[in-house]
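Beneath this line is the structure, given in structure tokens, with notes to follow.
Order of writing sets the chain letters: A, B, C, D, E, F, G and H. Residues in each chain are counted from 1.
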Amino acid sequence: MMQKVFTRPKSMFPVPTHYCPGCGHGIIHRLLAEVIDELGIIERTVGVAPVGCSVLIYNYINCDMYEAAHGRAPAIATGCKRVHPNLVVFTYQGDGDLASIGTAEIVHAAARGEKITVLFVNNAVYGMTGGQMAPTTILGQKTTTSPYGRAPAREGYPVRIAEMLATLDGAAYIARAAVNNPKNIIRAKKMLRKAFETQIKGLGFSLVEFLSQCPTNWGMSPAEAVKWVEEKMIPYYPLGEFKTPKGEKETAGGV
Amino acid sequence: MGFYEDLIIAGFGGQGILFIGKLLAYAAMKEGRNVTWIPSYGPEMRGGTANCTVVVSDEEIGSPVITNPHSLIVMNNPSLEAFEPRLKTGGLLVVNTSLVTLQPKRDDITIVHVPANKIAIELGNDRAANMVMLGAYLARTKLVAEESILDALEKVLGKGKEELFEVNKAAFEKGTEIGRV
Amino acid sequence: MGEKVLITGNEAIAEAAIQAGCRFFFGYPITPQNKIPEYMSARMPQVGGCFVQAESELAAIYMVFGAAGAGARVMTSSSSPGISLKMEGISYIAGAELPCVIVNVMRGGPGLGGILPSQSDYFQATKGGGHGDYRLLVLAPSTVQEAADLMMDAFDLADKYRNPVMVLADGYIGQMMEPVEFKKRSSIPPPPKDWAITGAKGRPRNLIKTLYLDPEELEKHNIKLHRKYLEMAKNEVRVENYMTEDAEIVIAAYGTTARITKTAIKILREKGIKAGLIRPITLFPFPYKTFEEAAEKVDNILVVEMNMGQMVEDVKLAVCGKTKVHVDGRSGGMVPSYDEIAAQVEKIVERRL
Amino acid sequence: MGGKIVIDRELCKGCHLCITVCPFHLLQVSNEINSKGYHPAKFVDPEGKCTGCTLCALMCPEIAIEVYKEKS
Amino acid sequence: MGEKVLITGNEAIAEAAIQAGCRFFFGYPITPQNKIPEYMSARMPQVGGCFVQAESELAAIYMVFGAAGAGARVMTSSSSPGISLKMEGISYIAGAELPCVIVNVMRGGPGLGGILPSQSDYFQATKGGGHGDYRLLVLAPSTVQEAADLMMDAFDLADKYRNPVMVLADGYIGQMMEPVEFKKRSSIPPPPKDWAITGAKGRPRNLIKTLYLDPEELEKHNIKLHRKYLEMAKNEVRVENYMTEDAEIVIAAYGTTARITKTAIKILREKGIKAGLIRPITLFPFPYKTFEEAAEKVDNILVVEMNMGQMVEDVKLAVCGKTKVHVDGRSGGMVPSYDEIAAQVEKIVERRL
Amino acid sequence: MMQKVFTRPKSMFPVPTHYCPGCGHGIIHRLLAEVIDELGIIERTVGVAPVGCSVLIYNYINCDMYEAAHGRAPAIATGCKRVHPNLVVFTYQGDGDLASIGTAEIVHAAARGEKITVLFVNNAVYGMTGGQMAPTTILGQKTTTSPYGRAPAREGYPVRIAEMLATLDGAAYIARAAVNNPKNIIRAKKMLRKAFETQIKGLGFSLVEFLSQCPTNWGMSPAEAVKWVEEKMIPYYPLGEFKTPKGEKETAGGV
Amino acid sequence: MGFYEDLIIAGFGGQGILFIGKLLAYAAMKEGRNVTWIPSYGPEMRGGTANCTVVVSDEEIGSPVITNPHSLIVMNNPSLEAFEPRLKTGGLLVVNTSLVTLQPKRDDITIVHVPANKIAIELGNDRAANMVMLGAYLARTKLVAEESILDALEKVLGKGKEELFEVNKAAFEKGTEIGRV
Amino acid sequence: MGGKIVIDRELCKGCHLCITVCPFHLLQVSNEINSKGYHPAKFVDPEGKCTGCTLCALMCPEIAIEVYKEKS
């Protein structure tokens, strides 16, 4: 007798997504739903959708949700969490959303130790608006607003969000994952679960940064895109845990 | 009143819908006419629906948005459903039968059936289906000269794309043949 | 009957909010309303509520979005430049139809301007300073007591219409002390908020959003909002008529300017000039009808405001050419004095303009 | 410990990431086109090599793959 | 005569800016104006200029503040929610009297709204969405060619008045392609900017500020600004009269809506109904006089706008009750069709309302 | 014969300040003016004043100046520097201004490697508006908006700006100083000079954080206040250089 | 018309200007009257100028801002220069001669000279000068009963401040003596 | 290596920080009040102990102190 060992998580609606073929968002959505299911928290989970390709995440995950303004998800999550401390609140944010326009909001949610979990999807571009440069666009990368390739003298340096937020005392769990191959995906899920657990235990702010492929705006096939994550992104954005709740410290960096 | 024509081209994103609209607009401009080209697309970066409206006129163009177009080029089922009812009585519908499986319902319009993807695949490039459609449309409406389109195509593709140009040209010409039938 | 306390407008606003059941405050310091967040930071923990000093006004308004969406009675307060920073958020809150209260204790502008009282954010408050078609319900207190009273009503109105309500005060209302009595609240519970984010336990999930990719849906939404604003216009107009019955000239003013005008009217009446005051209490919905009616009776309306002429447009829209409309504005923190106002009225009446 | 997978043709967007990760190369590009115009992946396992390792499913952004495994 | 190029409104706006001498662009992506920053990022390095993708719209407007204060021709562009985020900064720029150009390619609101064309930021643009008494000079193109032309004028006007100029376009103007000819610019150099920040070498230092702690000074500053706005009203009103001479009914519309109205007018005239169009090209200063004069001649004015009714207030202020004013708005990305407009006009004319 | 060995720097106007007795701003202004004078750059220096007690700094320093909006000085400085790359541009910002409302602007000016110099005055409160809590208010500190003393569970943790910005590749020189005693003041000036030199050499973004006393809002005498800086602030905010231009690296922390 | 009085109290920040204004307002409220109190200060946190306006009336108070006050309490030179010209004809000026070195110019007003700081220092607390001034003012205007002020003072200072209360009370009483002269 | 300082009475705000840092305790609180109402610091150095070390001036937020030193 065959037994189903992999299927759509219960907390996801059985609908097709609007994402491009090969997009990392779909994988990250699934990890999120699996963690929610495994922790059995769907009835007390609240999500905050960003503005970005994943603005429609509420069409896929079956929990109470807000749709934020661009960059403001952490503030909305703060408002919600303060009203309902017993709910599990997550934000889902792109790199334009979190690392650019929403810089102040994410830094201060972390500094306050706001008990929320942030899924930060770093795909090195603005996906939804057509592939413009993000703060996380890597040096040399061409985008629609860095057509000559990102050069430090003109466009400055990429921002390492996980490392930056790890300097804040309010941040309890900070990690970076990638979803470019099954091994990294499995590890990503473990980190995400730890992040949610950090929130549920009331230990403070938690964030997982996911390096994610955007084949469309990178102008690559999905297969090329996952390779590009490995070869270009991970060297600049090392995977690992940068901060763990006291006593559970792991070394930063390294795969 | 001088010359006036408007049309909507509709299909999936990625089918080159906006592209053939631009070719048309560019060619018409080069022939000295006023033109407007307006795109419209959904939230999807790839896939999803896309369409564009092209107006060509000898006079100042008022509305660039068209309620009831004179012509319609349709590249997939949802577009047929969305736009067929809006076509003007007596209007022209060019439909890509390789992808459109639904049947048009109107009997007060002219319908040109074009197996565009099939032809394009035969010519060696599935992505040239849009040019087949454009050819068929032009053969019927003579909105611009065929050479104007080929000039525009050459200009837009730029240098070093001779191969691509040839495929597209072949597709376009195949389309004009079908349209003329 | 509650006891009277001597209290600043800012404190009265804060305390009234708490007595109206507000338990969440998100804000950022800015003169001349600092006493509001300061008061809240001390009081909220005492009443089991929550005060968060946000990293900015921008963050504060989205915290309000979050808390309002979560079903709480919630407010923020700021002053002119800080309110400008909230414009995007206010548009979002209005679009998502979330009830909340926003206090603007206005100071002189533009830019950093000054820290003295002004009424130069009238347009911003009433015509929608943010993008898109939305309106705030705007209440303009003219005494500290009224600031407290309107504050309480503001929360009820916000819940009733699922709409942000703005209490628009000038710096004097905020910093002035007057005796205040906090009226006992009728214990009508706010309407049930079955749309709120509370965790989808035993019910379909709730969704709070402002994106409508289908333009037909967005238009429907806009029409729905528009109907709501018409509904407010029908039900919620508040206006004070002061000595208008026998008036030969009407002065239009709100907030502190209206009080100063009352003194001017006394002076004028002593001199035998029958002046009256129409004081809009709701700036949106605006008491168009009151002015329309006044226009039938008087030849001149003088609009007094602490700006370069903003409410005057609404007065003109109301009287529709039937009456001459004059404007006497001071700005930048300068406050029109009763003498000035009286002199201006005398000029108009004498000239029989 | 045999396994098998089922691909939802209509959910599949033809990204072919599953194809790249299957250790036994059991996935292929289909010639057919689904209603959205994509060439979906198809499962071709005539020799029953599939172990139900789920790697393909883990990689699929569309959750278009269900994996079955022999009960142990 | 330059050659005609087929180009989107967004690109035409960007290229025209460069041809007008703009060398600094600070912006942030947002649909439907992404082609503007994208074009700038490619072109600016070619012309020795500078494109910076700011971290936000808020940062962008203050980079504009910095560059404008430094004496450069500078611009930013965005769309509705992004423009709301600039409100504080725009108030500061107006207060500091810095010349710059701000483009708003409007989309449906409120909140995130939609990405389709709209005109629902009319109030925000014309009445001052930010705090304090300030005004933008607002230009509303209705073709891609006009977008290019007005863009060039915008920089001149900004320098002339030391005031921010807004080019207010709807999403169609931004995304539509039309043939454009970039007019050769008269080489009148911009007025000398001796107030600009350039390093105080051999001159007393310059100071760019908006704070006036003394209310008398701030009032003086406000009055100065106000006079400037009156000056604009005197000199800069632009309006197109289209078939109004013999018109029995006038339609008021701007931007894309005005073009659609032109088609409607053709339809109506074929049916024997003499309709005409008044198309404000400057929204501030508003062509009050043109409408006032029209009000003498026609009984009905129909305002067509892609919002729930905003410009209609200015039209009403202009006609002052002399004419019936109707409004026909679509919103949320829905665009009124020429058929609808024609039908609406027919209804009005038939009913002889 | 006596020789003048200490007097008002030339680039300062000979006027009294509006600051409270004992306020650190006056000292920092003087250091700034001295560095400008020593580098001989007054005619090509541009300052950007913040909104905060030091909004009126332009009344004291005789160079071209902007007055910014609250928090936006780095954006204004960016606009100016891009137009005039040869000018020396500094911002002067308080902790409310820089570390709260202006978080996004300072992070991204640093990330871009914007060639400006930032004087960041950390006095652990909002001075101008009456002593409200700042992001840098230390744990336990009472302010007018943390009347029960800053507690992590309610008000979150203080932010260490120097450490946070030092994670950014665009930041070339980042240091923390204090102005609570002559020794620290002397060291502060050296750091400030280094920061300006970093800009002048075109090496990137530079920032000096100054721990500064606000006797008024701390409710202390000036003498108590300088002691409080030593005993309460420095332990949480260690002095030192956190980042120096390549090759000139010094170890972080330590006095 | 019922009872009406308004006054402006002006000096440096830190001199307790706003404080005595509040005491007055509080006492008047307790006596059942309408009152308004409005502060005004410059950008300096310490030092700089500060003033407040108090209105007391039996009727609804219109303007809380006063162009020409009935009375004036002045604690430094700049305030004398700023406010003396605005005092109503026949009005009352109470001036702190310890700090105000300028001479009042008006001859159509009543002037009370109070060496407030000198007295306060004699009483052991320089900072009680404001209470001396308040005492002098009240002795002249009888705006509220002296006990009302002392009640207000006790209430405002709160428990455990008996010593401070005593100094302030002494200063206040000394002031009333001078005022009565 | 003698020194001396000159305090500008009117600039001085009486913060007295200079007093706390002079190694020889040469500064004192004045009994007088300046025009802003502050008790300024005063320099009292009857024995000529001042070295002109500038510590007091370095500490002064008002730049109210000028320091002179014997030419070496």
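Structural remarks
Criterion: a residue touches a chain if its C-beta (ideal position, glycine included) is under 8 Å from a C-beta of that chain, and two chains touch if they have at least 3 such contacts.
Here the structure is a predicted model, which is why all the values come from computation and not from measurement.
Path length between chain D and chain G in the chain contact graph, taken as the least number of steps between touching chains: 3.
Identification of common neighbours of chain D and chain F yields A.
One finds 61 Å separating the Cα centroids of chain C and chain D. Averaged C-alpha coordinates give centres for chain G and chain H that are 37 Å from one another.
Between the Cα centres of chain D and chain H there is a gap of 84 Å.
Chain F has residues 19-21, 55, 67, 69, 100-101, 103-104, 107-108, 112, 128, 130, 135, 155 in contact with two or more other chains.
Annotation for chain C: residues 55-56, 58, 81, 88, 92, 111-112, 115-116, 209-211, 213 touch two or more other chains.
Contact of a single residue of chain D with at least two other chains is seen at positions 13, 36, 38. Here chain F touches chain H in the complex through residues 1-8, 12, 16-17, 19-27, 30, 181-182, 185-186, 215, 221-223, 226, going by the rule given at the top.
Looking at the complex, you find that chain D touches chain B at residues 13, 35-38.
For chain E in complex with chain C, the touching residues are 58, 80-81, 83-85, 87-88, 91-92, 94-96, 106, 108-116, 118, 120-121, 123-124, 127-134, 209-223, 225-226, 307-308, 310, 313, 316-317, 320-322, 330-334.
Those residues of chain E lying in contact with chain F across their complex are 24, 26, 50, 52, 54-56, 58-60, 62-72, 74, 88-89, 92, 197-202, 205-211. For chain B in complex with chain D, the residues that touch the partner chain are 12, 15, 47, 76-77, 99.
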